[in-house]
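Each in structure tokens, the structures are laid out below.
Each of the next two complexes has subunit A plus one other chain: subunit B in the first, subunit C in the second.
And then the complex of A and B:
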């Protein structure tokens, strides 16, 4: 398994407030890395900086493309364009991430047009194939996003991300806005697409149960720092950091009689020497 | 399951617009007015400078179907006017002379004109027999004996088009400057913002006057027309630019815009394919509501004698004749262009309201 992404000392602050503090990690091909943490812990800022949707203050993001390693942040927009094909993102809110004025056909076709792939006829076929892959009816192509449910829209978002045949897909809370049964469908879909296409996922989530189900490795973030990193088994069975224990203690049990007993946040965090 | 008909956002908006009765009426009136303006040479019975020395300051003539004996005539007609000078006041007074009727004929030959300045023609939609002594002045005549109806129609062309041309220019400036300010931010944004504030804080009337004074008096009517349009738009773009800037700022962070950038779309594509279309309806509405301001601006400038000047005929120029008290008392029909301005402005406002409601996805179809 070769390395696909390597992030070193990534920092980003907004108006003097440090949001991501010197984060480093590596990501192997065809694996799934979960990034967990409470809201405001810097997960989204981290992944958006990796995608260059946000310019980070310092640090490097190196990506191992088909042509070798690239430092993503030293590339000009023109040089970045071919790499955009390889790194795609699935958004959190399926209602906000699709342009309401475009039909599904236009939405899915646009990435192909931008990257100059195929002609009109072959693009149409590719869109139809992609819709089938995400289990949407082929008649969906002529419709507008407002005609779809949340889960269906998220499938459109997935189709848009995958139509360029990327290698790395960043899922920014991609199932958080969906209800539990739809969540399961989308996760199944993502998993089957992974085994079919050999995708690598960077999976941002705050729901630990989803992460346990879906990811190989976990990165635990707290106020901009990576506090713990390990495989799913290690993190869930033998958490080393107090903050990880705190997060795990907050998972509700499926048994309604079992009372949820989250750990006392203040004492734990003071022990860990982290400021609240 | 039967096939459900899929409506595009445009179709939905049109459905909603059609239910807005007032806006539909307004749209109808505006189409009517613009049609008249486009074909004014043909529809008007006289040319704007044609003088009728026998009818000076004549009141509007009634178009009749029934004659003095109460008999119905299939062809409408007007009665001749008899001029008497009031020996006490020395005023011209016109009296209808029921003994001479002039029937109205359609597609008559009359004063030759150049249609759209392109080809010569002499047919008019309606008039009385051009070879006879009769005349028809539906809206009366002015102090030089010119037909007010014809002049109002010719004025409509100038006044109605200046609104549209001016708003076009305003939109261009507003979207361009506001869009760049919102999209680029930084120094350019600050510069545009300060410029907007300065322009909005200057009282418009003195500034208009100053700029109009800068238009050379020797300019041809058509250059003056464009000069006035540019002056009006130079001050009109600020509000729109602010709105566009605000929208751009908010939308730049919107998920679907970020998504577009992540699939590799360049700035041009992001702006024109993703950002502008999502508030094009807002721009259309703003534009519609801005047209009356332009028309009123032109009228105000021309009324004050610093906008368009005779021989150009616009509603503002026509109203200039009605500036004094004497005119209002003795020849009130010279105020008729004012009625057209009122109708146009109200129609544009209602149309803008209707468009705004139609474009708003949160206004329900079931309302009204």
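And then the complex of A and C:
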């Protein structure tokens, strides 16, 4: 398995407040890396700086494109554009991330137009094919987002991300706003698309149960630092850092006989040994 | 007569909309026993919040409801809430007095322009004839009880200075300060981080034991249900699907919808998931089906398999 993404010493601060503190990790092709942590731990800032949706203060992000390795932060916006095709994002809120004035056809076509792909007729076919992939009816294309349920809208968001045939998909809390049964359907869909298209996911989530089920590896973030990284089995069965233990102890088990006994935050040495 | 704190009998609610009447609840019946936590679980649109809002008569004017909600306080006459006028002084007394509520989003439940202490003390001043000093002291004691250290100084602060977990503690203090017999919690931990959620769940449960009140806990998370509830009411599409003790419902679910919900939980066993994956929008639950009493206080909605 080859490496797809390599992040080294990435830092970002807002108004002097350090939000992401020297984060480094690698990501292998066709795998899923979960990023977990509480609100304010820097998960979203981290992935946004990787995508250059915001500019980080320092550090390098190297991406292994179809044409070889690129340093994403040394490229001009124009040079970056072809790479943007390979890296796409699925957002959290399926209501806020779709333009209510655009039909599904326009929403899904827009990325193709921006990247100058195909003509009107071929784009229409591509949209139809994509809708089928995310299990939406082909008649959906002429409708507006308000006509869809939350789960269906998230499928539209997935279709928009995948229509450019990306290799790396960043999911920022993409199933957090969904009901548990819809969430299960969307996770199933993401998993089957991954095996079909060989996608690599960077999966930001706060629900550890979802991460346990969906990811191969996990980064645990706490106040801007990666405090632990490992495979799902390692992290969940043998957590090393106190913060990981605190997170795991807080998961409510659906078995009423497994009582919730969250660790006491104050008794833990959370700020000791913050670097991995 | 049962000795439940709250009995909901045949509650139906319809909303008048531009597209005609929309039925949000149909014939919902369940009991909330004394000194215990009853969880109502279901997905969006299942009617769980409409049920809890109906108890406090917080439904909008477009709602038409029928059925009966009876509150049977420990030391007093039973009240049929549904027969009271919205502006009846008895209703005002009930809200925040005998029955109070904790909402999902602590920031919107608190006023951004009033100090924490004043907001908590206000509930005391509304319901009892005491001096502001007494109310303030009681508020301080209550805030200590919900785990806010150094309450006296925190009471002079504003909600924006608090974290989400601290705000929810304040909201819980506001709800509990008049010693309600029924505390309704509508998704009180959904907006919180998992670590803070765990702290709040432990707090609600321990306060319930300490204060000997009843909690009606609305949630969509079966993990939360398992940790907090004694009894569980499973709702779907405005109807009750299954009622039972937390062990009965979660360890031995009988209704296909409950099984479907359980199988959707991340981490559910694969074979269980495959078997219960295809829940077809409740097509098989229609008019004419009814709750059947099973063993030991358990009720399950009759379910007919539809031929494909």
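In the analysis below, the second predicted complex is superposed on the first by the 266 of 276 C-alpha atoms of A that agree within 3 Å, B and C clash if a C-alpha of one lies under 4 Å from a C-alpha of the other, contacts with A are read in each partner's own complex, and residues count from 1 in each chain.
Note that in this section a contact is a pair of C-beta atoms (placed from the backbone, for glycine too) under 8 Å apart; a residue touches a chain by one contact, two chains touch by 3 or more.
Predicted model, so just to flag it, every value in this text is computed and none were measured.
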Next on the checklist: Once both complexes are superposed via subunit A, do subunit B and subunit C end up clashing or fitting?
Outcome noted: fit
Checklist entry - Which holds for A:39: it touches subunit B only (first), subunit C only (second), both, or neither? => result second
Checklist entry - Touching A:117, do we find subunit B (first), subunit C (second), both, or neither? => result neither
Next on the checklist: Quick check for you: in the superposed arrangement, does A:96 touch first (subunit B), second (subunit C), both or neither?
Outcome noted: first
Checklist entry - In the superposed arrangement, which partner chain does A:249 touch: subunit B (first), subunit C (second), both, or neither? => result second
Checklist entry - Does the superposition put A:214 against subunit B (first), subunit C (second), both, or neither? => result second
Next on the checklist: Just to be sure I read the superposition right, which of the two partners does A:189 touch: subunit B = first, subunit C = second, or both, or neither?
Outcome noted: neither
Next on the checklist: Taking the superposition on A as described, I'd like to know which of subunit B and subunit C A:81 touches: first, second, both or neither.
Outcome noted: first
Checklist entry - Once both structures sit on top of one another, what is the angle subunit B-subunit A-subunit C taken between CA centres, to the nearest 10 degrees? => result 80
Item to check | Which of subunit B and subunit C A:144 touches, first, second, both or neither | outcome: first
Next on the checklist: Once both structures are overlaid on their shared chain, how near does any Cα of subunit B get to a Cα of subunit C? Whole angstrom is fine.
Outcome noted: 6
Checklist entry - Given the complex with subunit C, which residues does subunit A contribute to the contact? => result 38-39, 150, 179-184, 187, 206-210, 212-214, 246-247, 249-260, 262, 265
Item to check | subunit A partner contacts - residues on subunit C that touch it in the complex | outcome: 43-44, 164, 193-199, 201-202, 220-227, 229, 246-247, 250-251, 260-267, 273, 279
Checklist entry - Which residues of subunit B touch subunit A in the complex? => result 6, 8-9, 254-256, 258-266, 269, 273-274, 277-278
Item to check | List of subunit A residues in touch with subunit B within their complex | outcome: 48, 51, 53, 77, 80-81, 84-85, 88-89, 91-93, 96-101, 110-111, 114-115, 142-144, 146-147, 157, 160, 164
